[in-house]
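As structure tokens, here come the structures.
Consider the two complexes below, in which chain A is the common component and chain B and chain C are the respective partners.
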Partner chain A sequence: MPGATYYLPRDLHPMAWWVWALGLATAASRTTNPWLLGLILAVAGFVVVARRGEAPWALAFRMYLYLGAVVVGFRVFFRLVFGGGEGATIVLRLPEIPLPEWAAGIRLLGDVSAESLLGGFYDGLRLATMVVCLGAANALANPKRLLKSMPPALYEVGTAVVVALSVFPQLAESVVRVRRARRLRGGDGRRFHALRAIVIPVLADALDRSLRLAASMDSRGYGRAGTVDPRRRLATGALMIAGLLGVCVGVYATLDGSTPRVLAAPMLVLGVVVGLVGFRAAGARVRRTRYRPGRWHLPEVLVALSGLTVAAALVATSAVDPTDLTPSLMVLSWPALSWTPLAGVLLGALPAVLAPPPEPALGRVPA
Partner chain B sequence: MIELDRVSFWYHGQPEPVLSEVSLSIGEGELVLLAGRTGVGKSTLLGTLNGLVPHFTGGHLDGEVSVDGVSTRSRPPREFAHLVGVVGQDPLAGFVTDTVEEELAYGMEQLGVEPPVMRRRVEETLDLLGIADLRGRALRTLSGGQQQRVAVGSVLTTHPKVLVLDEPTSALDPTAAEDVLATLARLVHDLGTTVLLAEHRMERVVPFVDRMVYLTGDGGVVDGDPAEVLRDTPVAPPIVELGRLAGWDPLPLSVRDARRRAGPLRSSLSVPARPSRVDGAELLSVRDVVVRYGPIVAVRGVDLDVRAGEVLAMMGRNGSGKSSLLWAVQGSGPRQSGRVDVDGVDPTSMSTVEARKVVGLVPQTASDLLYLDTVAAECAAADRESGAAAGTCRSLLDRLAPEVDAARHPRDLSEGQRLALVLAVQLTAEPRVLLLDEPTRGLDYPAKSALGRMIAAIAAEGRAVVVATHDVEFVAAIADRVLVMAEGEIVSAGPTARVLGDSPAFAPQVAKILGPDWLTVAEVAAARPAEPR
Partner chain C sequence: MTTRFAALAAVTALVTVASAAPAWAIDQGKGLPGFCPGPTGVTVVVDFQRLGGITIVRCYPNADPGTGLDALKGAGFQIAGAARWGEGFVCRIENRPSAVETLPIAGHEDYREGCVNTPPATGYWSYWHASNGCAWTYSQWGVKNRQFVQGGFEGWSFSLNATTTSNPQPRVAPVRPGTAGQPCAEAAEPPPNSDNPAERQPEPAAAAPVPGATAQPGVRSDGGNAAPGQPGTNVPGTAVPDAPVQAGDAPGGALPPPRPRTASAAPDPAANIAFTGGEDRPDVNRVLEDQSGADGAAPWFAAGAVLMLAAATAYLGVRRRRAGER
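Here is the complex of A and B:
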């Protein structure tokens, strides 16, 4: 039973939103049925609108929608340009451009059939839906908090990425400042000479800044190794490298049918296990704690489950009754729709109600 | 708490040591001020305390530095994170995360403090520094004073025994500076933290400190009671100079003490006669200027007139629109509406090359204008850009700051010399109006008075000078007129004596001691009856 604190505004664990979004994306990858894809899009959009915050990344969802539209447009456009003749219903007759012999198999323009255009549209829509699902995850989960919830062994990498991300706005700021200053000396910022006048102060500035940041991080205890005896460090290193090698061999063997099967799946599993043990050991020697770590409570479980259910529903349908999920392109007809996948996808909209609302943006409080 | 035992330090490739045979012993709960001219090694000395010098900077350190019994010789700076909290010159450059709360927690995360303890300490620190309402804010959106307090907070959460600050108030407006200093004093009193700070602008700091360490410049130090040390140092705040002038002994360090002593001096002075205003022709006229960045209005319909030969100072808290106004007047910055008229022309309507011959601007980060390898190359480039005769810039530079080595890299110059170079570069174009944005940052007292003389000389040539600054004492010394901005509007304007004397926040020390008729020590010295000391 959800307690009184269930609906208090808070940011969900970013992982929950990612699992939900990947569930939707997996579902989308299983079908080309435009009704289902449209429904997935609608579900993703609905949840985003209901549960996103006011941060800049949350407002970038629109960009993903544009990107999706571009993807669909391109798919259809390619069918127009590179031969869309398969099918009986010709809707457009374009003059075919003859190509030299070495380009056999490629057709430029020519007749365009409705079936082939529709195929392009379905394909593009599927890809666009997957893109939009990832966009939804990005809009709902703070990307920096996702980096923060990485396992301790990857802490250093996470910090490096966070620092690098904050460097870009600074760099842009300093370019603007130096360019403006350049005008004070009468430069117009066009000639090559002027490029140097901008690049050198900006780089000098960036170097100064990074040195000061490094000094600050050092004096605040970043990378305090504590006392780890070198033998243990060697052991974890060896475990991780052995694990990686195992994974490489396993992947190679799985993809290449001619290698003995013993090297395939068993090797892959063994590699992953050894690697994880190394990972664990590496993480365990890091004496560091996390301030207000992301918590994994009931709402997180429900959100993740709803995404997984959508994926499961479509995967199951594709095994039992695949025709509804991939409408025929041989005969032009309205694609049919059955209840099971429809209901499955609709479950994905539950987080709009089940997830607590996000925290209001404190950054907007006036000074 | 801190022991320095015959510490000497050389940077690689330099024959003279920065510090030589320095021995200091600083006890628990002391508030110590490190003073000295620019480049004497204040930052170096501060850096030795947690091992950043020499572990991070390189160089050679002799002798022994130990904090709470732990020597910096064998351990890197990160092993001192729980003992020594360091706040650098530019707090923004030292921030690792991007919101206030995360920044406060960062140091504790590195030390492996338990999460419930972390949570509690973050809340306590937010309250201690009075920044609880900023907790979720992005660090980049904070004002300078807020950033400085967050930086102090972010090192306090690990409960260090020693707090080290490099110029904590030099970039702040007077009120924000008072806030930060009051916070530090509270730490010393309530928590028993040992605080070491280096500061050029000493006038506000001196009353708070227990002890002063003066770096003489030849590697040595003078250590003692502030009133004793300040008796004959070349860097001294106005209150000390006034005390020396009046022969007060011991030297008063706070305005309150000085005021009690000032009775006889005050009555012996006759009120100075100031020229009521500069009577040059009107040179710069600004009408209804509006600058906005999206929804934010930086300058809200400002009118402004400056005469030839006049020095106008602009004051106001960080973000009150001073810089935006200067840039808009120069014509390189945005300006949504309004008129700017310099001797009949509008710089915005001209090409950048022509505009700088009308209005020259030295921006806040003056080094942005420099991009060549040597001083000589910069000067030659300036002559070319302005179409001036070869050698013009160099002769200007020689007048502003003699003996700057032509072969040196501009980045290796001292702050004061670099500022002089940028001024010379901008003056090569012979602008009628010169605008300076926050020029006194990082300058010590002698360098500041040199800058004051440069500005007076420029104004005497019949140019108009506008200076935006936080430095009250500097304004008192150079400006004919002052205007104070807030929220993009001019809230008060008038002759320096009236504007500064009236305001409790902006009154210079001499005015606080002797009354609003007196602004600088030089005025008092001139008005004193000629009597043997």
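Here is the complex of A and C:
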């Protein structure tokens, strides 16, 4: 009976969380409306807190929040420094620093208007929201299981991508561990000395860990060249890299409304085709088996669908009512909002109830 | 984490609380309807051309020098600049072309002006100027770089699928009522001599007001019989317009050399199309709300949802921490 087992605690397929998070990030990239961005942030935070496990990577989410705050701060700061005079509502008068002739078009300090500060804030908030969405995926999805579910042909690329994606959470976890160790030893972690006492162990820890990971991957046959002709390996590698580049350009052009349409669908299709040829060539020579492969059940489908719905809602409305999604700052006013994108973003919160809870840590009773 | 999250949401809400000044399509508090009555101030003509809509003529009655942008905004027009360049590149006047309006520009028949990037050269607001009684001239300067001429005219004319030589000039002759037939005293306007987008036009020599100009109430021809906004009723070009270059267009790209001006025929006010002072234009904010399907309640709902999600997040976080301590 599927109903009884639906909510049994288990870790979801990592791809489902990634699709959900990328859907939210896509939605965020389509708008600068602070209402929608704030809502996307709230939705991502809620789902993370409701469904993250006890694993170290799950605790790194707050680091992404800090990173997002830094992004917003920098955007606003740059508007302050490099000419924030666009607009009528001057909120701050700073002395303008005269620049030589060759730096024409650049302005240092000077009058700062509320419009330009808000413009910087909206822009920064959009980027910060996308960063936090990626953080949510990293907090919810197990990077090691993500690597396991890669298609065989993608192992080389996939390993690099997974290692790159999990560097930040690993570092965050190192920071948490080193700080805890320092506290246990009685250090209060507040003096400047603490910086040196944390940074060096963290870097050493990260280095040790990568060496350990490399050794363990080596012993499991990763990076095995096999007995394939080097020329053929080069050809398949080139095909796959070219295909992935094509896919990247195509996806970017599809998501970014202002890129020429020639780069969108045709490039995407071309990239996929080239990539698939590379996949076939590479997959033919590598044979890997999987131990307990991750499966897609109903919750995975629902989680992925909810993320895709959010993206679809914003992509669709940006074609219909662009005024809402990029609020004009020429006249200071409350950004307007219509119901469709709002309802679409709220659907992104469904995984908090639709996904089964994560497996509890060992020796702990589920709360 | 949860409290910080709530704080972030609160900051989001706070910062967006901006002073909401009601923006009317025509800010009746600024400028005067119709032509400027005398040689003080500048008359602004906005011709929607093929976008459709009755041409608007308003006066910016300010005796101080100012830029073309000052004149346009000071006359009460509601404008939007491209998000990428700001008000240096005017992409909408009176919410036209609006975000929901399709512009049949060549090669992209269902183009919609999002006002995010530079508008295409086949569909943009062209910027003109004229001294009283002279022919319209395509501006060599960006709107923020040019000083308007006292007693003169500023023209905005939507250029759709036009080339550099067929840009339609505003279809209202730059002649103040009561000064018809007076000789044209063109204020010399040297073209820009650098690529610097911040270069300002040198302060114009004190514009000599046309002698004998008597202050006379603007005579408007509201509800004239000429079909407003009829496509293809361009007055034959009397001034040779130049390439469509406005401030902010292709920063770093060289400005084209100025073209020699041909002798122009005297403008004829009798050929004016119908125009108004813009008194009956609807509120742009309301139009925007209608066009976007925005609802006044939606932001409140969004704020409520953010707060509820933040509260739920905080609750779950606290419960989880308790469970972890057990």
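Here, the second predicted complex is superposed on the first by the 229 of 367 C-alpha atoms of A that agree within 3 Å, B and C clash if a C-alpha of one lies under 4 Å from a C-alpha of the other, contacts with A are read in each partner's own complex, and residues count from 1 in each chain.
To be clear about the criterion, a residue touches a chain if its C-beta (ideal position, glycine included) is under 8 Å from a C-beta of that chain, and two chains touch if they have at least 3 such contacts.
The structure presented is a predicted model; accordingly, all values stated were derived computationally and were not measured.
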Contacts of A:Pro34 with chain B and chain C, given as first, second, both or neither: second
First, second, both or neither for A:Ala197, with chain B first and chain C second: first
Partner chain in contact with A:Gly45 - chain B first, chain C second, else both or neither: second
Which superposed partner A:Arg62 touches (first chain B, second chain C, both, neither): second
First, second, both or neither for A:Arg183, with chain B first and chain C second: first
First (chain B), second (chain C), both or neither touched by A:Cys248: neither
Which of chain B and chain C A:Ala172 touches, first, second, both or neither: neither
First (chain B), second (chain C), both or neither touched by A:Ser219: first
Contact residues of chain A, present in both the chain B and the chain C interface: 367
In the complex with chain B, residue positions of chain A that touch it: 144, 159, 162-163, 166, 169, 177-178, 180-188, 196-198, 200-201, 204-205, 208-209, 212-224, 287-293, 361-363, 365, 367
Parts of chain C lying in touch with chain A, wherever the complex brings them together: 1-2, 4-5, 8-9, 12-13, 15-21, 23, 78-81, 83, 86-87, 98-100, 112, 114-117, 194, 196-199, 251, 285, 288-289, 291-295, 298-299, 301-303, 305-306, 309-310, 312-313, 316-317, 319-320, 322-324
Chain C partner contacts - residues on chain A that touch it in the complex: 34-39, 41-43, 45-46, 49-50, 54, 61-62, 65, 69, 86-87, 89, 104-105, 114, 116, 118-119, 121, 125, 257-258, 320-324, 326, 328-340, 342, 346, 349, 364, 367
Complex interface listing, chain B residues touching chain A: 50, 52, 56, 76-82, 84, 86, 88, 90, 93-99, 101-102, 105-115, 118-119, 122, 133, 135-138, 140-143, 146, 154-155, 158, 327, 330, 332-333, 351-353, 355-356, 360-361, 363, 365, 367-371, 382, 385-386, 411, 425-426, 429
